[in-house]
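The data blocks that follow each hold one structure.
Both complexes below contain chain A, partnered by chain B and then by chain C.
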Partner chain A sequence: MRRPNPGILTMLPVLVFLLAGFVIPILVVALYSLMPPRTFDLAGSPTFTNYATAFAEGYWRPLMWSALGAAATTLICLVLAWPTARVLAHLAGRWATLVTLLIALPIFISESVRLFGLALFMMPGGGILAGSIDALFGVSIGTILYTRLAALLGLVYIHFPFVLFPLLLGVSLIPKDQVEAARDLGASGWQVFREIEAPLAAPGAAVGALLCFVLSLGANAEMNILGGQAVTVITNAIEQRFNYAQDWPLGAALTVLTVLLTAAVVFPVLKRIDVDRLARR
Partner chain B sequence: MNGRAKSLFDSLQAAWLLLVLALLYIPMISVALASLSNTRYMLFPHRTWTTDAYADALASYTTGTLHLTSFRIAVLVMVLSVVLASFGALAFARFDWRGRRAFQRFLLLPLFFPQPVLGLALLVYFTALGITPSWQTAAFAHLVWIVPVVTLVISIRLYNYDVMQEDAAFDLGATRLQVLREVTLPALAPGIVSGALFAFLLSWSNLPLSVFTSGADTTLPEWLYSRTATNYSPMVPAIAVIATAVSALVVGAAAVGLSLARGRGGAKTAA
Partner chain C sequence: MGTILSTRAVSKRFGDVIALDDVSLEIREGEFFTIVGPSGSGKSTLLRILAGLETPAAGRVRLRDTDITDVPANRRPTCMVFQNLALFSHRTVGENIEFSQKMKGVPPHERREHALDMMRIVRLPESYYGRRVTHCSGGEQQRVALARALASDPEILFFDEPLSSIDYRLRKILEVEMKDLHRRTGKTFVYITHSLEEAMVMSDRIAIMKAGRIVQTGTPTDIYYRPANRFVAEFMGEVNVFELANGQIAELGIAAPTGATGYLAVRPEFLRKLNDGERADVRFPATVANDYMLGSRTHYHLDTGKRILVAEVAAGQAAEIIVGAKAEWGFDLSDAALLDE
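Let's look at the complex of A and B:
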């Protein structure tokens, strides 16, 4: 008698759960996006009206703001994470472990606590920063709180570890003797970066950048707490359609557009990455 | 590089790390500082420094309810995700089978997905199914992204696992069940413990999924989120500090429990 493959047996529970909790919900939302406007069941005849409305009523705007914010966040996080990863890889040993742990810890503290803290810090007048400076030097300073810049700062703050850790994996794959050899042969710092370090760290950087982009694409707490809703981000636009406007099909269409944008960036990168090799580290 | 340039370079590196750490911890320090006041308006530095807000928070009924809701969800998520992910990790890293690479990629998809959008999609899904959102549906939503995380955490452990041990046990006449209980599970145990810890902490602190899927029930992060905008009082940062301390306590308890278990295991081998 042939036994069923244990691999297939053991993956079944997770597969069934993710079908029920991830794939089917997205398909249900996709179905809703094809229903006539302002209906609440799936019995109507399919139509693309909602997508036409989404473009006609300027809903590409929140999607564009979210994508722009996500791209800017990813870029800034990469620029900040690169030297940090290099220093950590160079440091090695006990201290590096401690610092890495300290950088990882905030991931487990709620976003609402951390963003709230940032708001308290930046608050004008009696905020932690403005109040301290006023008390110490008698100078009152302004604030960037409730602007797009503050929201971007919050996005960078929340997503920095998600870029750093995959990048750290990549950087730790760079053999030190290769860098030394290139230096000995007279390569400049920029040449070492371009020819050796960047290509070797690329898979880690790609995973980190992807994670950062996708997570910031849907982020709305940063805009609500720090940005004072200076612009409408896509998640807020979808929520407004679902809750206040009671127009599920339009909200569903916006969700599908966001999912498509996510898939367009995720699939090409994920296809090229060797999961075994990255996870084995 | 000569000695002086090298030491300058080293101090620059240390300074950079300190700057990054300082920036990362400024918000937490700000919350802790804000909680030590007794005025309804933030006016730092406080005229009077007091821990009254903590006394109020501990006496308040809300604090208990919020913690209970978050705790229920986190425990349910922890138990279910560890069970699902233990099997998932075996398929991910241990067994060689035809669809493995596809399964690995599929499992990563919920991680590479904007959480608030997932929360909203699940809200529509639950409503379409006629399910009223509550803390249970929030736990379900948490599971969708925590099960993949825990599967990865356990898988990373499994890569270092020597399959020959199982073959040896089979050769010695052990049954499949015995091998699972005596060989596979003990090897998986450290991964399972860290996976459980990840699951609890990530669920405990989750905001974007809870906001849309918990219905009339309110978790700690949700409550804090709503209070940052309106109805501010020093009790809000005080509860934030308490909630964070609770999760630190859970990590501490797990670490102590783990070292105790390891000590006992070591004693058994020695005897």
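Let's look at the complex of A and C:
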């Protein structure tokens, strides 16, 4: 009797989990998106009506806001994380651990709690920031709470560690002597960054950017808590279709569109990253 | 030949460790200058200061008549070949070699021509141009690093022990190539190594470092035959060092050269077996304890009863020396170096 391949056996639990928790639900959603509007079973005759409705009723707008927000968050996080990662990579011992902890610890606190904290901080009048300034200096300031800017700030605040840590790994992969060699061969600071540091840290940056983009694209707590009604993102729209509007097929269609957009961004990037190079570290 | 690069009273410390202590040296135009010393002697720090990768805590560095102490590496007309080569691992051989020219904004076709010229100089086949450096062997990477350094057309090339991780045979080949390259390019080479052999083979002049200071500077011959002190004598290969005390070579019980104190250093090739009636300034009986064949010459360990001495004899004259036999051995004082410390 042939014995089963041990590789397959060890993979089995994960395979079952992925099948039940990822593949089947997404297939169900994809199937729902093809059902007639406002129906609740999967037996109807397939139609593209929901997709037509999605475009006709302007749902590209929340999708665009989500994509823009995610892209802006990713860009801002990368710009902020680069110097941080460089400093952390060169800091030795205790200081590096301390700073890393300070950045990592908030991850262990619920996202909503942190966002409500941020909202309290930004609250006008009696808010922590405005109230303190008023009490100390007698100056009244406005607030950015319930604006797109506040939502973006929340997105950056929440997702910064997801960019920082992969990037830190990437930056620590840059051999110091290659940087020195480049300088010695006449490269300016900017040229060293463009020719040596950026390409060598690229795998880490790409992993971090992907994490950040995908997570931000699916985020809605930031919008609800900090953005108020200022902007509707695709996740809000999907939630409304499923809950309030009770239009599952349209909600499913919007979901599929979001997944497709995500895939269109993720796969080209993933194809170019040498994940092995990062993992070997 | 004028001085191209010099330091005056350069010092550097890392925390409590003094890496360089008041180092002054002069490197001449076009010479192959080697800094030798055991690890931790400060030679790498000195080289990094010369290259502009490190700034000294005190002292000045001059390039001809210009003070370059505070000029960073990318604005010095010098280039370094690093210990582990520091090739750009994400780039091809060609891109590595062209790097300095790309930084200057030289157009691609011109860079390519120049890179191919450099590859010819270091004897790399043209077909390697598009190859990833990570796909090259150790010796090939060595050549890429050399070509990359040469391509920036530096006035001075620095080498930080580039051959230290290469196996013996290839190292011997590359040592010779390096010296040839020096002759052909006519550039000033400043080389660092902990290997005396490497230094002797390649250099016009050698500086010996110990604990952050330069102990002696001179030609290989100078340093080999006229060491400044016991450390240099012992660092530069096999040597018999005798302590002089109370006007005597203590271990041999023989009168020392008049009034001298300190040490007497004799290279193994100057110890010889004395025939009947042959005279020598210093003579002593010894038993041949063992022999070590080194190809063109043989080393003998001589047991004087108080210590072991090393004698070296050319292959043709070794026949009459028999292990276990007792004989008169000796040397002349004109062949020995008198050392104060």
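The definition used in the following text is that the second predicted complex is superposed on the first by the 272 of 281 C-alpha atoms of A that agree within 3 Å, B and C clash if a C-alpha of one lies under 4 Å from a C-alpha of the other, contacts with A are read in each partner's own complex, and residues count from 1 in each chain.
To be clear about the criterion, a contact is a pair of C-beta atoms (placed from the backbone, for glycine too) under 8 Å apart; a residue touches a chain by one contact, two chains touch by 3 or more.
Remember, it's a predicted structure, so these values are computed and weren't measured experimentally.
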Partner chain in contact with A:Glu57 - chain B first, chain C second, else both or neither: neither
Which superposed partner A:Ala181 touches (first chain B, second chain C, both, neither): second
First (chain B), second (chain C), both or neither touched by A:Trp248: first
More chain A residues in contact - chain B or chain C: B
Which of chain B and chain C A:Ile196 touches, first, second, both or neither: second
Partner chain(s) touched by A:Leu118 [first = chain B, second = chain C, both, neither]: first
Chain A residues within the chain C interface of the complex: 175, 177-178, 180-188, 191, 195-196, 199-200
Contact footprint of chain A on chain B as seen in their complex: 13, 16-17, 20-21, 23-31, 33-34, 41-45, 83-85, 87-88, 90-101, 103-118, 120-125, 128, 140-141, 143-144, 147-148, 151-152, 155-156, 159, 201-202, 204-208, 212, 220-222, 224-225, 228-229, 236-237, 240, 243-244, 247
Residues of chain C defined as touching chain A within the complex: 51-53, 72-75, 78-80, 82-84, 86-90, 99-100, 102-104, 148, 152
In the complex with chain B, residue positions of chain A that touch it: 5-8, 10-15, 17-18, 21-22, 24-26, 28-29, 32, 42, 80, 83-84, 87-88, 90-91, 99, 102-103, 106, 108-121, 123, 125-128, 130-132, 135, 157, 160, 210-211, 214-215, 217-221, 224-225, 234-235, 238-239, 242, 248, 251-252, 255, 258-259, 262, 266, 270-271, 275-276, 279-280
